[in-house]
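There are two complexes below, and they share subunit A, which is joined by subunit B in the first and by subunit C in the second.
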Partner chain A sequence: METIARDAAHVLFALGFPPLLLGVIGKTKAFFAGRVGPPVLQPYYDLIKLFQKGSVIGGTTTWVFRAGPAAGLATAALASLFIPLAGAAAPVSFAGDLVLFAYLLGLGRFFTALAALDTGSPFEGMGAAREVTFACLAEPAFFLGLLVLAKLTGSLSMGGMLGGSLAAHWSTAGASLALVLLSWFIVLLAENSRIPFDDPNTHLELTMIHEVMVLDHSGPAFGMILYGAAIKLFVFSALVARVAFSAGLGSAWLAWPVFVVGMLLIAVVVGVVESVMARLRLLHVPTLLVAACLLSAFGVVLLAR
Partner chain B sequence: MNTSGLTLTRAGQAIPRGSIAALPFADFRRVVIDQAREGLAVAALFGDVPAGSERVDLYVVLADRESSRLGVGKTTLELDAFASLTPDCARVHLFEREIAEQYGVRPEGHPWLKPVRFHGSYRSGHDAWGRGPGEPIVVGVTDFFRVEGEEIHEVAVGPVHAGVIEPGHFRFQCHGEQVFHLEISLGYQHRGIERSLVGGPDKKTAHLMEVVAGDTSIGHATAYCRVVEALAGRQPPIRADALRAIALELERLANHTGDLGALAGDVGFLPTASYCGRLRGDFLNLTALICGSRFGRGMVRPGGVRFDVEPSRVEECSKRLKKALRDVTTAVDLLWNSSSVQARFEGTGTVSLEVATDLGLVGPAARACGLECDSRRDFPSGIYRFAQAPISSWNTGDVFARAYVRWLEIERSAAFIMDQLQSLPDGPIEAPAGALRPDHLAISLVEGWRGEICHVALTDHAGRFARYKIVDPSFHNWMGLAMALRDEQISDFPLCNKSFNLSYCGHDL
Partner chain C sequence: MGAIVSVILVLLGIIVVGLSGLPGLLGARTSMIGQRGAMALGVVGSALGLAGVGWFWATGDGEPLSLPTSLPGGVVRVAIDGLSAIFVAPVFVISALGGVYGLGYWRQTEHPRDGRKLRFFYGLMSAAMGLVVIAGDGVVFLIGWEIMALAAFFLVTTEDDQEEVRVAGWIYLAAAHVATLCLFGVFALLHSAGGTFAWVRLEPGGVTRPMATAIFTLALLGFGLKAGMMPLHIWLPSAHAIAPSHVSAMMSGVILKMGIYGLVRVTSLFSNPPVAWGVVVLALGAISGVLGVAFAIGQHDLKRLLAYHSIENIGIILMGLGLALIGRSLGRADWVALGLAGALLHVWNHSLFKALLFLSAGSVVHATHTREMDQLGGLSRTMPWTALAFLTGAVAICGLPPLNGFVSEFLIYVGLFGTLGTGAGPSFLGASFAAPALALIGALAAACFAKAFGVVFLGTARTRRAVHADESPATMLVPMFALVGCCAVIGLMPFLVAPTLERGIAAWAPELATTTRLCALAPLGWISVMGLVLLGLLLLASLALGSLVKLGTAATGPVWGCGYAAPTARIQYTASSFAATLVGMFRWVLLPRVKRSRYLPLFPGRAAYHGHVPDVVLDDVVLPAFRLGGWIFSWFRVFQRGSIQMYVFYIFLALVLLLLWR
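Moving on, here comes the complex of A and B:
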């Protein structure tokens, strides 16, 4: 009974909280720009509005185009089940689930790219090519980071690697964990199409990466894409938060406040990064992703003593 | 300037049409090519069909920046074809396409003869492409340059864009992310302004001039007024000259500030983008403080200006200008001090001095390549005969240079306005221009914020406009943007485009 209640809470939180992160990022950026900015809850209003709209579907598209948004949302929501949130264990956990976790996200990207290619628009093809190219480089950084956690905790499940035992390792393997943290933060920015990789607010179709792939979607389909993107941001933020604030997450009373504040803090940091720096030239994006891989790799090397 | 065969004049002077040297076409062609090689700018090259004639006259206005002199030449085409000048003088390529489209005369040997604005010929029955009189002409439907190959893909953008901007069609020949070639096809904004000016000036004329390019209202209105005043043989009062210059420089300030903000926005650098967006409004409001319109509509009229400023508003204006300049300095310094922004600006969209010279670029885009041209210095008129803003140039020809030249101009224009406000000459602001002299030609050159604006008017025997030619700086510069994209990343196009920020409607007329 207790497990069911806990898992229900997990699912509710993972589905309800993500748009708030987008709202906090928007508010932070508005602050730096000297504006009031939209309300923190604006992403929720946007989603409600989109789900009430009709959709326009291009005559040249097939079922793949319609499957894209649904697959993107479903895979992100499923992936969120493998991450332990505050103090609680993850609802789904088994040895080796890290591979399933990574490739659920990969599957979502695969369908988004296919849906983009399905439209036949040269822009969307361009965006799909960019997205998968950069994903190839973000993936090793993520896996090398997992390798560090696996070695430290001796577990091969996401729940185990990010579980309570992580806190103890900050004192013994702090350098490795700090490198992984930095590397994963870069991966978070890349995977969620934030500056310096992509500009989620741009209207310039030739410079977009993720946004250009979803140009043809509208109404509820576009709502699903936005919602899926928010959940994906939530998943990556939770990963970073579990590593960064593992010490505070050990205590039963403090776990939830620390987790929620930690997540909001990550959103603020993303907003600050977006406010103080410009986008990279597309040519230089791989360089930064390779740097993220190297950070994680050094984390592994440090443990190999 | 080697005067061979051309009639010499100055900007803001009227000369009788009869005094313009009429050259045989071969001589005309040789003079233009030779003089262009010597470094003279082609300010205008246009056709005209004199009343009661079947033949097309070509006029050329060559501008010598060294001596501030203009050379005007004329030739009459015997046939509906002539030997194109473009192979020997690249900077006339678009002028020749324009002449071919307007008058149905074919420049033989033009490397890429396409319509410019997609309208029918002014001379019915004569068409450079052999199209019948009733044949529908669809904007943008024409031949496009193509690169063939398995790995080449073509990206077409526009005429409808994702942002709220003017319509234009861009075709990229790409190899992956690399652009081999960009072709720009405009004409969607063609309104027939030049044709509707014939028979003027009338009540409408000044209003039309203000919307040739809406963001250059003061620039085009000033160029028009100088032409009318030259034809009427009257100078406006000196106070009016000073107020016109203040309005022109405010227009420059507002647009350059907006451009710097937009450049920051294009690379996703928020602080400068949002502050400059607001500060552009502050400069526009200064124009509104003077004349009640943020874009200076109704301010400049033949004979002078319509709005005077009393000492209290002069005071207010300098106070607000100082504050706005301080804020812009802060916002723009962020741009120069942010390495991530500089990494995007530097080395992107480079145009060499050689290309800029060959294409005859004008304005900040040319000065960013190290081409020292500024009509305020080279062909001074009005208050610029007595007061000068130093010319602002840079030498790298990239996005950074175009941004930096804008910033230098912001500083110098603001200082210029301050000086003018402090030493505003006394006297009236308007002196009726009177009737235009019949059968004359007058040219005016004004440095608008985008560059050199050239207006040429020919009057008929009754003193009405028989032909009115407008050359917006964008007309010279669009090809510069296409060249800037060669071998660049397609994702850098919006940034390069913004760094030029050319007018669609100023080109399309």
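Moving on, here comes the complex of A and C:
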């Protein structure tokens, strides 16, 4: 009974909280720009509005066009079940679930790219090409980070790796963990199409990645994409938060406050990065991702004794 | 008597399949009777063979059959064990499905010139592969191997009126013979080490280190050539691209696996291999995997692209085998179980999804008469079933859940993470770096298939050929969807194949077999549950989206082209532009050739761009080396006088010299 209640809380939180992160990022950026900015809850209003709207569907498209948003949301939602949130174990946890986690997000990305290609629009083809290209470098960086955590904790499940035992390793293998943290933060920015990889607010299609892929989606389909993207951001933020704040997440009382504050803090940091940096030239994006791979790789090497 | 049922059934199946094309040779050039007969015999033979394999799995009875003959070695042995059963099953499945597919794809009435030849060698090649796998000794193995190699040559050169086909066939034949030469060496050395041509285990003390190294190296060369391991893959891309598609499916799905079978079989004979073997196989696997998919991304010929993906998947299989070898050296039964189970399951999976992809690509070629991706586009509207089949194959080959490719890669991943030292026993940190390599392979494969599926099936038709494409007949679609079904069953219910894989592991490393239960090492039940949940969620999200769209007003409009009012199909992103950034990242090995017109300052004229990724090893290493060799040997023409008297004189000189020597 207790497990069911805990899992239900996990699902509700993972489905309800993500748009708030987008709101916090928006507010942070507004602060840096000297504006008031939209309310923190604006992404929720946007989603509700989009789900009620009518849609315009490109005349050249097929069922693949609609499969993209559905797959993006379904895979992100399923992936959120593997990450432990605050102290509690993850609802789904088994040895090797880290592979399923990464490949679920890969499936979502695959169908999002196909939906973009289904329109036959040159811009969306361009976005799809960039999305799958940069994922090729983000994926190894993520797995190298997993190697460090697996080596330290001796566990092969996301729940075990990110769970309570991680806190103790900060004192013994802090350097490796710090490298992984930095590497995964770069992966977070890349996977969620934030600056310096992609500018979600740019006005020119030629320079976009994620936004240009979904140009032709409108109404409920676009709402699903936005919501799926928010959950994906939530999932990656939770990964980073579990590594960064593992010390505070150990205790029963502090776990939830530390987790929520930590997540909001990560959103603020993303907002700060977006405010103080410019988008990288597309040619330089692979360089930064390779750097993320190398950071994690050094993290593994440091553990080899 | 009941004890040798499985071997007898498999042998019967092999004979029937092998002779399936023979009656048709006597038939008329324009009659379909011969083709239908060959198809029926092929299906019956395959059913017999599969019944034999099924009997083996049900009873575990693999008593060998020995016949005394006058061949070297004296006795001919055929036997079926856990390993042969795994490798022989795809031979029968893919061969039968390919035969049915041929009814629509290569109709005798449309190909009166070469249809009969194709079916004769098709049956012969399938039978020879069956023989290779159930061979109990080196003599039978080599006989089967040569028949297979030669029959495949005639299949590759089915359309030998085209020069491109003859060149590819010639390269294939040369590579096949180099491979056979290495295998003669392997069996000669095995005979001198073990005293027999039969597959016998070599005890650690019974074979010296240099001898073992020589056997392993020759086997890696010979079987690696056949399997298409990078950089020995030179024959593979062209041969797969120009063969008829059901032959490509057989070659990529099954023939390559004969190389893997040989490597698995030979390594099974050494109960304590050096760690270096495993490391070499693992490293070669990672290199094949990454470079295979990198070359695939640069291709614009659909079947050539699929051919390079075969190299990638052979790499994944080798990574599993390498992990198993390392585990065997260090006595880690769990690595052996996970690595070998992943490799063996990937052998099956690759047979299934690559055959599916080649058959779907064949369906496209059949409808449009071109393999150039940039000539196609929008086929998902005119050929919806082919598109669905290709998409299923694409998801499976990228290793994405919930299909079969994910399961085998999952097993290898779990094994590779295990080398970090998470369990009891020795660790091998270096091997774990293969896990990020596998992640890179997976992401690159997804990029490549987003490109292939997107450019061929999505968007709008780029040329008239694509506009007028028609869906293929049921004879071609039914085999494709049978393969779709197999991919889904293994992906959603992987625990069904676990006992089969455990038999394979027990046959490979009997000394470790007692401790390995696959379901205990890898949570296959969870994969099954999560696969079903994923399908359910996908369905739910699609239904929700559908009903939300219906609730609002849904209008149809043109797609956004940045305000450009009159878009044409030609402004779509092409295969080359989609791949440009990735090809750029790998240009240090792909060495792409680009021809483009210079930008003119004020009034530019017509502009053209042509990009091509050649096969570096073939074009820049092997062919120049052979040309150099040919030049050197041309000096020996001095002796080639063209008169018989001179040649007889040479023989006389040689005899005298031999008599004087000693």
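We take it that the second predicted complex is superposed on the first by the 305 of 305 C-alpha atoms of A that agree within 3 Å, B and C clash if a C-alpha of one lies under 4 Å from a C-alpha of the other, contacts with A are read in each partner's own complex, and residues count from 1 in each chain.
Quick note on the criterion: a residue touches a chain if its C-beta (ideal position, glycine included) is under 8 Å from a C-beta of that chain, and two chains touch if they have at least 3 such contacts.
This one's a predicted model, so the numbers in the text were calculated from it and none came from an experiment.
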Which partner chains sit in contact with A:T75 here, subunit B, subunit C, both or neither? Use first/second/both/neither. second
The chain contacting more residues of subunit A, comparing subunit B with subunit C, is C
Which superposed partner A:L15 touches (first subunit B, second subunit C, both, neither): neither
Counting only touches as set out at the top, which of subunit B and subunit C does A:L302 meet: first, second, both, neither? neither
Regarding the shared-chain residue A:L264, is it in contact with subunit B (first), subunit C (second), both, or neither? neither
Where does A:A168 make contact in the superposed view: on subunit B (first), on subunit C (second), on both, or on neither? neither
Give one of first, second, both or neither to describe whether A:P122 is in contact with subunit B, with subunit C, with both, or with none. both
Looking at the overlay, does A:V273 come into contact with subunit B only (first), subunit C only (second), both, or neither? neither
Who does A:T202 touch here: subunit B (first), subunit C (second), both, or neither? first
For subunit A, what residues appear in both contact lists, the one with subunit B and the one with subunit C? 122-123, 125-126, 205, 215, 282
Subunit A touches which residues of subunit C in the complex? 377-378, 380-381, 391, 395, 398-401, 406, 409-410, 413-414, 417-418, 420-422, 429, 432-433, 435-440, 442-444, 446-447, 449-451, 453-455, 458-460, 522-523, 526-527, 530, 533-534, 537-538, 540-542, 544-546, 548-549, 551-562, 567, 569, 571-573, 577-582, 585
Contact set on subunit A toward subunit B in their complex: 29, 32-35, 122-123, 125-126, 195-196, 199, 201-207, 215, 274-284
Subunit A partner contacts - residues on subunit B that touch it in the complex: 153-157, 161-163, 177, 264, 266-271, 273-275, 278, 338, 340-341, 343-344, 348, 489-495
Subunit A residues touching subunit C in their complex are 51-62, 64, 66-67, 69-71, 73-75, 77-78, 92, 94-100, 102-104, 106-107, 109-110, 113-114, 117-126, 128-130, 132-133, 135-136, 138-144, 146-147, 150-151, 154-156, 205, 215-216, 219-221, 223-224, 282, 286, 293, 297, 300, 303-304
